[in-house]
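First chain A sits with chain B, and in the next complex the same chain sits with chain C.
And now, the complex of A and B:
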């Protein structure tokens, strides 16, 4: 079975029914539409309709008790021009996204190149590296919380002392917030990227490397001129999907720094990212209109960043030629 | 680029090769990373079996000196209504005394919801994917474009309206409100459509000529053909549902309906007030994480294939 025959369109439709009566069409396609119906209804009710409603709320002042009051673009201008907390959230999110995506990809690629074979050692190590992506969840976030305990018996502090440093209060120090989040993301995501890269690398025909070896190209040159260009589609895929995922970070932020239900964002908001801020505005303060506007700005940011990424990676492609 | 070439590429590395000392040295930091990857798991497991005094020992122990099951069930902890014992920390299975079954109930909730969401969302998505690729019903292209476009929008955008809608329908604090809004998964339809397109239409045509109904073709021909794609998607959907947090956090207040992530987050609050409960939190984390790891080892091949497939299909 081939893996990449995706571009082939669904041609060869069944023969058109003879068009006699108007009702005939529906009768003919009835089963087809009926098959689409369950998905279509749920999709319309819980996705399309909420999107429309969200767009409307984003233009209103709405606190869930009184009916929404239309305020035009006020929420957006307030968020973009005046809301310092939101600016902090965006800035933090970008720091986190760049740190986690770059490190995840670099480490994932290194792991893939180093352990791509089918030998027992490589398969075993790949399983180990992949394990965190399987177990990602609230449980693992709690483990990290325990590792970064302020007390001297926390694991992070024990390690730091082993290397001659002093105890730190990890989760209470603003400068540590983003590095901690990035560490967790790389720990959880590098193995996943590795699996995608291994599949991509092993799909590159061996003849290319053999030919290059005969021509006297070094391993480094082979990596640079064969592996990287041919891996480009997978690199772009991982780059874009991991960026989109990183922008939506919520659970670690919410769980690591929570002291009471209504405090989100860590010391001095140093861990406040966009989705936790949305949650805070929407479900702690019940400013649902404002929170909806945040959601749409998140969409706009992800959309623009994806466009830029596609653009940049395309430029690289032309550069290769 | 076929599966065959992948395995062929794999065999190449089996050629006898000289051990390259430089390459092994370069790998050294990566071996270290393997250790780093395993440490949080190890730290979680040993903490679950440590006693409260050992949990707070400085420097910490890397093997439980006096392994105990107290974090799971502490016999010296008071029964509900019994005399309080300030020295005992109630274990995982003794928390939430007002919920029948306690932690076990949350595990069953999570398991049940995961199974239902996975099965139903895959069934309706495969129906939709079949309709979109193997029939020529008018309008199917428009529908597909709408589905793809919706994937661009982060799901948090629909979070607030969905919360309001669910509460308007009176479905907060119910399994219905927990399950139904998440059943239509666009990325599953997208993935299945991509996969179905690589399957020749002739099979479906032949069945139609033989007079099979669309439903029968879907059930007897298309679903079996889709099996690898369905397995890949089932893994994604099931893992996502097992770890689902934000939606139940918003929609569920009734402790009877808690899933594991919500119960764990609940425990993490208890930790802040009493660090001695950390062992209990780690025991609960272990119990919640273990099934995903077992699941992974059972279906490892499908996992890896599914992920590779998702990268190549996209």
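And now, the complex of A and C:
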């Protein structure tokens, strides 16, 4: 076929699309829609409806027993302007997110570089480091609780005393709360990040490293100029998923510091993060409208942070071009 | 795409926490006091908050009730950690048991929400005369409704290593001054941490004991005024805080095993420690005992809590359920529970003080518990205490952990309590 044969004079009207019989579209796509229907129904019932309902409740005063009373944006105003505990929860959450995500990625990357080969030793060590990621979460938290017990037999205190120190009330020291949470997160998450990084590193062509070696590039230079740039998609993936997960931290706070029915957040609320506060408001104090507003603010925060991350990543890509 | 999915999932996960209980709503209600005879039921169901070791006691009183009425009692155990949420969800969905047991303050809390029947609508032979005096202020609502009554008790007691006290020639302290002297002497003898609190040492519960012993109260008798900044409360709070700053009391709650090993000589804590020590450390038999908390300048006294039992608003057999509660207070009901407790080697403190001596503890501990119950006192029933208590606790913690002056911290606590006082 040549260009002349397909060219159309400028004043000629475009050909009309072939006329289809009524119902043709339904006939054509009907089976597909039918097969999508079960998912669509479940999606609407278990995601769209709860989200819409939650949005409605966030605009109400609702105690789960009596009918909700519409209060407009009062819940959001109270949370953002006046609620000191919520502000503390946000501040604690950001400290935890920054600490846990950065350290998890750094340690995961170091482990990946150290144990990336297919040798038996590396495969064994990768398995060891990955184990915390597949262990039962509650059990792991209880082990950490034992480690930081105030008693002499608590592992942390045993170590401290070995070096001549005195027993400490680790879980009752406000300054220790976020570092303990970060330590647990890094210990539990670095192995998972390592596995993803190893996959990414092993996908980088060996020729690039061989050429760099011939040109005299050191290992460090190769890491900075070959490994890191080509690992960027994996880095971005780990960064975003870790960040979203970190914002939603709940179980460790609940299991380590919950002492009685209506108290969460540890000493002086030093471990209070957004989701435990949401739980506290919703299920300890029956303020479900208020708790729904917290849920939507959390959604907005994660949405914004993810948006910024994607924008920054896109900027890097454009810069590379 | 993954990010978008995760983003969406994040919101859904957060929202679903709230929505699990908020999917639908229903008005609670109060019954009309139907009698058991008007209700044609074969069985009733009770959710008991606690652990499986307590099930035989509820089943025992259930057997007594079935024998008397022909109505079977189904007992389901729910864990403390989930119980509050589960019962709330049952109330709002209208789908749950006939009776529940839970925290002492939950009766008023759920009752005020419309989730429980007022037990005063039903005839009772055993309730009014047998509830411990110090508990009425905790279970009777400000409006006079009785949404729940205690089923079993938990209280603070002071456990001590009698062998170590004997070795050091120290008598069991009965006052604050005697306790201070004992701690000083034991620290001099090499015990770095002679005294610990095993039940929320920097929580409001532990503080409540000292505040009360000093003559303080949280509210005025008619709940119209917050009195947490009174000189008595200040004195009690200063003494409580001194424990941590001067007597090396840990701010975190230790395990009772440190007491068993002789690291700690005194341990205040919940009455569940009787079981923990007896069954967990049988080698300690004869080396420990218990006593009431040392009295302050105004009162002897211990915080008392436990399980409250109430009738759910959605029950179709409220009269039968109320009759079951009455049976739990009868001689036959309490005796059945205590027999089951002894058989299973579990401490079950009945809500009747006259029955404490029938528990399977040794005589010294039974005597100590009887004395404790005579002066024990429950949390206030004033509306607003539940939502205010976390903020009061933060104010108290600021004294111990940040060195905030007692008067300033209590003024902050008062502000928080006044904000929720209705």
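Here is the rule we use: the second predicted complex is superposed on the first by the 281 of 321 C-alpha atoms of A that agree within 3 Å, B and C clash if a C-alpha of one lies under 4 Å from a C-alpha of the other, contacts with A are read in each partner's own complex, and residues count from 1 in each chain.
One rule holds for everything that comes next: a residue touches a chain if its C-beta (ideal position, glycine included) is under 8 Å from a C-beta of that chain, and two chains touch if they have at least 3 such contacts.
Predicted model, so just to flag it, every value in this text is computed and none were measured.
Enquirer: Once chain A of both complexes is superposed, is A:278 in touch with chain B (first), chain C (second), both, or neither?
Expert: Both chain B and chain C are touched by A:278.
Enquirer: Report for A:51: first if it touches chain B alone, second if chain C alone, otherwise both or neither.
Expert: Both partners, chain B and chain C.
Enquirer: Quick one: is A:238 in contact with chain B, with chain C, with both, or with neither? Answer first, second, both or neither.
Expert: In the superposition, A:238 contacts chain B only.
Enquirer: Let me test your reading of the model: by the given contact rule, A:132 touches which partner, first (chain B), second (chain C), both or neither?
Expert: So A:132 only meets chain B here.
Enquirer: After superposing on the shared chain, does chain C or chain B touch more chain A residues?
Expert: B
Enquirer: Just to be sure I read the superposition right, which of the two partners does A:82 touch: chain B = first, chain C = second, or both, or neither?
Expert: Neither chain B nor chain C is touched by A:82.
Enquirer: State whether A:298 touches chain B only (first), chain C only (second), both chains, or neither.
Expert: Both partners.
Enquirer: May I ask you to decide whether A:174 touches chain B, chain C, both, or neither, giving the answer as first, second, both or neither?
Expert: A:174 sits against chain C, while chain B stays out of touch.
Enquirer: Which partner does A:152 contact after superposing on A: first (chain B), second (chain C), both, neither?
Expert: Touch status of A:152: both partners.
Enquirer: Quick check on the superposed pair: does A:66 touch chain B, chain C, both, or neither? Answer first, second, both or neither.
Expert: In the superposition, A:66 contacts chain C only.
Enquirer: Hey, what residues of chain A end up touching chain B and chain C alike?
Expert: Common interface on chain A, chain B vs chain C: 47, 50-51, 53-54, 57, 64, 149, 151-153, 237, 241, 244, 247-248, 258-259, 275, 278-279, 282-283, 288, 291-292, 295-296, 298-299, 302-303, 306.
Enquirer: What residues of chain A sit close enough to touch chain B in their complex?
Expert: 1-6, 8-14, 16, 25, 29, 31-33, 35-36, 38-40, 42-43, 45-51, 53-54, 57, 64, 107, 110-111, 114-119, 125, 127-132, 134-140, 142-147, 149, 151-155, 158, 161, 187, 190-192, 195-196, 198-200, 202-206, 234, 237-238, 241, 244, 247-248, 250-251, 254-255, 258-259, 275, 278-279, 282-283, 288, 291-292, 295-296, 298-299, 302-303, 306
Enquirer: For a test of understanding, state which residues of chain A touch chain C in their complex under the given definition.
Expert: 47, 50-51, 53-54, 57, 62-68, 149-153, 166-167, 169-174, 237, 240-241, 244, 247-248, 258-263, 267-269, 275, 278-280, 282-286, 288, 291-292, 295-296, 298-299, 302-303, 306, 309-310
Enquirer: For a test of understanding, state which residues of chain C touch chain A in their complex under the given definition.
Expert: Answer in residue numbers: 2-3, 6-8, 10-19, 21-23, 25-28, 80-81, 84-85, 88-89, 91-92, 103, 113-115, 192-193, 200-203, 205, 250-255, 257-258, 261, 263, 386-387, 389-390, 393-394, 397-398, 401-402.
Enquirer: Report the residues of chain B in contact with chain A in the complex, numbered from low to high.
Expert: 1-3, 5-14, 26-27, 30-31, 33-34, 36-41, 43-44, 47, 55-60, 124-125, 127-128, 130-138, 140, 143, 146-147, 150, 152-154, 156-165, 180-184, 186, 189, 194, 196-198, 201-202, 204-205, 208, 213-215, 218, 228, 239, 242-243, 245-246, 250, 260-261, 264-265, 267-269, 271-272, 275, 278, 281-282, 284-286, 288-289, 292-293, 295-296, 300, 303-304, 307-314
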